[in-house]
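So, here come the structures, one by one.
Look at the two complexes coming up: chain A is in both, with chain B in one and chain C in the other.
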Partner chain A sequence: MTSVAKTMDRPVTSSWASIRNDLVAYAFMAPYLVLFILFLLLPAIVGVYASFTKWGIIGEPQWVGLRNYDKLINSEIFIESLQNTLYFVILAAIPLIVLGFLLALLVHQKLRFRNIARAIVFLPHVVSVAAVGIIFQWILERSSGLLNYYLGVLGVNPPINWLGEPESAMPAIAITTIWWTVNGNMIIYLAGLQDIPEELYESARIDGANGWQLTRHITIPMLLPISAFVIPLTVIACWRVFGQVFVMTRGGPQGATFTVAQFIYETAFVRFNMGLASAAGVILMLITLGFTVVQLRAMKVI
Partner chain B sequence: MSQSWRNDSLFRDGSLNRGRLVLYAILIFVAIVWGAPFIWMFVTSIKPDTEVFRYPPTWWPEQPTLEFYTRLFDSFPMLAWFRNSLIVAVITTTLTLVTNVLAGYPLARMRFRGRRIVLLIILSTFLLPGEILLVPLFLGMVNFKLANTYFSIAVPPAANAFGVFLMTQFFLTIPVELEEAGRLDGCSRLGLLWRIFIPLSGPAIATVAIFTFVRSWNDFFWPLVISNTDATRTVPVGLAIFVGRGLSMRFGVIMASAAAATIPAVIFFLMLQRYFVRGISTTGLRG
Partner chain C sequence: MRKVLSVILLALLLSGAATAQDATPVTLMHGWTGADNTEMLNTVFDRFNMDNPDGLVIEPTALGWDDLFTQLTLTAATGNPPDVVMFHNTEVTEFVRKGVLLPVDDLMMEAGIDLTGVPENVIELSKIDGEFYCLPGDLHPMNLYYNRDLVEAAGLDPDSPPTTGEEFMAWAEAMTITDDDGMVTQYGLDQPLGGSLGRWFFHTLLYQFGGSWLGEDGLSAVDSEAAHQALQYLVDLQASGVSSMGSGVGDISAFQNERAGMVLVGPWMVNSYIREGKNLGTAVMPTFGSVPATWTNTHCLALTVQESDANYLNSMKVIKWFLENYAEPGIKVGIVPVLPVALADPYWTDHDFAQYYAPFVESLSIAVMEPAIEKYTSVFAFGGQSPILRNIEAAQAGDKSVADALADMKAGIDELLLDE
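Right after this comes the complex of A and B.
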């Protein structure tokens, strides 16, 4: 995706000049590479190593082989957190992608006030998960919440105890998440829509294609490269769901919204079992990487 | 695309036919769904206690009050949280800008050994779930007695690769002729970057700066883990731990604190909208 701009470097003549050139390049990158290695690369490697150890908050790590993974596989709580998170991914990722695309289509139409609508949908992007969680706890409140009131107006009775019942808590978290983050996908798809050459539509229209056919046979295929990274990034973000759950339910009721990230948080920073938490982190990483590879394969990107 | 829809029977411009009416109805519905929670938060924050739980909900209080905004600062150390968030965001943003501009230059403009592999490793971290980093970073910070410092909250997030990618992409678009001219004048690499690339990269630099700032301002998991005193705790962490923990009866104060945390961000966004759009559409990453 990035290729060096042509020309700016003449072919390197002597080996000294070549080494000097390399040194200059790495000198420029050094400050970032220090940050990258210390706070990204090294922690990632240590994280994988830690997953094979017993490691408390103090003291030396002890190598325990695959024991942490064995514990996790046999842990009901962990398996449930995986199931809950998968359920959340299904509930949230699909609407985030589809709705993101549809919203982009909508605000791409030549409509008056579309810029205002775009800005409003985008607003939640700058709001922290803490504030979002607070606002939505109030909106989803059972007896005086806004959502139940308007659902009641539409004939949905009795009021739903959104965050209080195991069946509805995860959908409620998903609704909150969609409201909060769909704007990212909308903006990416919008940028994609603006890049589709006008001629494609013109020639199709000459052939008598209608609006739906234009969307189906031009817009969606032309946005495929964009979907190739929107889909994995959305799915990865959903697998990592944490803040909404932390603020709104703390994993409850009855563990119904206890996610993998919540498991990692509690295991590492409440019970200080660093090795076990790292193993859960590795499993999370393997799941998201596995999904990304399968999805990119399916879309014939790799 | 809008051009192409214009001649379609459903989407003809100028006349309000049925298709356009439906589109406008959807547009209004969307604006309400995404706008109402903000208004509801604000309206709740200026409602006296007697009106908060009124049912059906009222969209404007009979007796609006700003009492909760004044009580806010007695109830929670909001000012300290704000100060911490600001300091953290400024450190992260400054560090990100300086290192990313420097790193983007050779990645876009120089041929050197290992360039492809460096790019590949940096970009592959986009797919890395950050949870795997939390434990090692936490243990490292604790080990070096750096927990509960601005350093520990603000510096690790600056390793994020988004800005490097964006700067590299942007530097690639700068015409080669300008650089050649600079070199003929005997400019050093650093001189070229300073006198030619940086002045031409205002929009990209602004995008990285604003994006990083907002990401840092709203960052949650890492600050939650690494700070546990009000001396370093940021706004989102303070809100989540003390304010939002199962809404209590002090509703006005809770909503006022959420509003106080949100309103600056909203104003900030409205002023700098286009940079957000550019940042997201370039990289697809969110804070």
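Right after this comes the complex of A and C.
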């Protein structure tokens, strides 16, 4: 009887230990989970619901079915905001990823002032979007901006109205964004570079590999998991571009820098059409989700 | 002895805390955040709080204008709006229709507020369906600033500023300087393409040529001949090469950097320009069309609908005090009071800046506001969706003909007006 009891005790104890382990794990996750549910999951669910309603914040939402989506599909301004945002993604995301990688390679070298160089490159990341926007407004100013001054010295005349012309405004915002955020990708790639075992490079060098071959056949493949993280994150961030546009151009000139995020902001908080803004938010979420899935599939990560 | 002092100190602290607790707070939300306006305004609120009349204290919250409209709506939706909101007359109708603002005729009488002498058009804009919903504090019309040093250097008389379109253009041309390579080193005028300043100048020209934003049917009237003349003037002005055209949203840094001789903007820039040490001149908006007119808006104070009416009269007392003491914020923020008692205040009349504000006071009689319609913040928004800004910018940049720009502007405004 005693031995049977002992035998039966074992799984009970094991199962209790497992539950206890789970509880401990959930307890550690709880602070984040609570915030995630309150400030991300629930608003997202409410947002999806709101996208099927007419709602001006004050008063009760009225169910309108797919009317908001129908409006958006037929809205020239919304379609234009999608096109503008796609243009920004192309202009900014590729340099952000490529330059982030190249900068990481650069500051990974055993240079004399490596740590100082890393700090300098990372410094813009700590500047707020409002300050970045205002600084670049000054730099890009037409008549007295620093950039046009140097271009003038090089013989570029008349000065370019960077933020005042539809053709140059979005590239100017992309340049601002790259200067401001490329260092984030650099840091992630740098962490990845530091994790690549030195033995791989040593054995390749013994086999006669040159610098390009080391990068092509060791560094890039070894950084694939890092790229699988960096690329979607960068593309999603570019799709959500808002702050620098809001500070520097407010979507102008002639709507040339008017992005989806600004459409959502203005529709929700200037026109107080929460239903339409929510529908635009759902569409933006689906687009970024679609891009991410396609990218990860192309990289054979999923 | 030390114990006695400690007890006295504690008693003093407690009595202070009791006084603070006894004071009734009146929360006030305002949008004066440009330059150092919030700090300037806080000195006025501090004076009220030091005086502590009727045991009241003002608890101000400063927000940018866009944020203010958002926060006012959100706090009203959650049942916790500020007691008093200070914004523009043009936004009143919209917030009355949303049920956010309170009619205040009875409270005005009870608090003893007297609006005698305030311009009639401003009084009318403060009423919806015959009832007062806000109390007007000031007007801030758009007028002409010029740099006296640059004017003199161009061989012009800074004491005889331009009053007509022709004189204005002559000044602008005289102050535009080009170097040997054909590069403009100084502009006559700092007028940005589009942005709110572009809209306000278009508004000014529209009314000067005899037009208006809305027709009798309540829809846009920007397809009129007057609108055509107004936009054509802006297009020609930009094409003439005398204007900096700015860089980005509302950029008038060329005037600030003394690389442009004139700029058209409201009185709120006086403080900044004087502080920068400019040899400044101001003048009434020149008449470019057939009728003198200039863009303006007003700041007004309104009460919000609360769950309890306990603080309504207190809030109205705060408004009364503020309106009667408007001279100080008027000078410090750069706005022209509308109440005669404030305009007669020695703080206003004897101040060194009075000379710069004089043309702004003079222009009150020609100042015209944008229509205070229910969808004002949608139609006259600053942002990228605005059909007004987009089409003014497109015409000035030469990307659309004036006729096409106005047709698209009308279609865009009408779509917003008709949208349910």
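Assume the second predicted complex is superposed on the first by the 265 of 302 C-alpha atoms of A that agree within 3 Å, B and C clash if a C-alpha of one lies under 4 Å from a C-alpha of the other, contacts with A are read in each partner's own complex, and residues count from 1 in each chain.
One rule holds for everything that comes next: a contact is a pair of C-beta atoms (placed from the backbone, for glycine too) under 8 Å apart; a residue touches a chain by one contact, two chains touch by 3 or more.
Just so we're clear, the structure is a prediction, and the values are computed from it rather than from any experiment.
A.B. asks: Can A:L35 be said to touch chain B (first), chain C (second), both, or neither?
C.D. replies: It touches chain B, and chain C stays clear.
A.B. asks: Now for A:G47: first (chain B), second (chain C), both, or neither, which partner does it touch?
C.D. replies: The answer is first: A:G47 touches chain B but not chain C.
A.B. asks: Going by the touch definition up top, name the partner, chain B or chain C, that contacts more of chain A.
C.D. replies: Looking at chain B versus chain C, the one contacting more residues of chain A is B.
A.B. asks: Go through the superposed model and pick first if A:F242 touches only chain B, second if only chain C, both, or neither.
C.D. replies: So A:F242 only meets chain B here.
A.B. asks: Once chain A of both complexes is superposed, is A:S144 in touch with chain B (first), chain C (second), both, or neither?
C.D. replies: Both partners, chain B and chain C.
A.B. asks: Looking at the overlay, what does A:I116 touch: chain B (first), chain C (second), both, or neither?
C.D. replies: first
A.B. asks: Could you tell me if A:L193 is touching chain B, chain C, both of them or neither one (first, second, both, neither)?
C.D. replies: In the superposition, A:L193 contacts chain B only.
A.B. asks: Of the two partner chains, chain B (first) and chain C (second), which one does A:W55 touch, if any: first, second, both, or neither?
C.D. replies: Touch partner of A:W55: chain B, not chain C.
A.B. asks: In the superposed arrangement, which partner chain does A:L106 touch: chain B (first), chain C (second), both, or neither?
C.D. replies: First partner only.
A.B. asks: Let me check the overlay on chain A: which residues of chain A are in contact with chain B and also with chain C?
C.D. replies: 57, 137-138, 141, 143-144, 248, 265, 269
A.B. asks: For the complex, give me every residue of chain A touching chain B.
C.D. replies: 2-9, 12, 21-22, 24-26, 28-29, 31-33, 35-36, 38-44, 46-48, 50, 55, 57, 103, 106-111, 113-114, 116-117, 119-131, 133-139, 141, 143-144, 146, 149, 179, 181, 184, 187-188, 190-191, 193, 196, 198, 201-202, 205, 210-211, 214, 219, 229-230, 232-233, 236-237, 239-240, 242-243, 246-248, 260-261, 264-265, 268-269, 274, 277-278, 281-282, 284-285, 288-289, 292
A.B. asks: How about chain B: which of its residues touch chain A in the complex?
C.D. replies: Chain B residues touching chain A: 1-8, 10-11, 13, 20, 23-24, 26-27, 30-31, 33-38, 40-41, 44, 52-57, 95, 98-100, 102-103, 105-115, 118-119, 121-122, 125-140, 142, 155-156, 158-161, 164, 168-169, 171-172, 174, 176, 179-180, 189, 193, 214, 217-218, 220-221, 224-225, 235-240, 243-244, 247, 251, 254-255, 257-258, 261-262, 265-266, 268-270, 273, 276-277, 280-281, 284-287.
A.B. asks: Name, in rising order, each residue of chain A that touches chain C in their complex.
C.D. replies: The contact residues of chain A facing chain C are 54, 56-58, 77, 81, 137-138, 140-145, 152, 157-159, 161-166, 248-255, 257-258, 262-263, 265-267, 269-272.
A.B. asks: Please name which positions on chain C make contact with chain A in the complex.
C.D. replies: Against chain A, the touching part of chain C is residues 66, 69-70, 73-74, 76-77, 98-100, 181-184, 187, 192-195, 244-249, 251, 253-254, 257, 259-260, 377-378, 381-385, 389-390, 393-394, 397, 399, 420.
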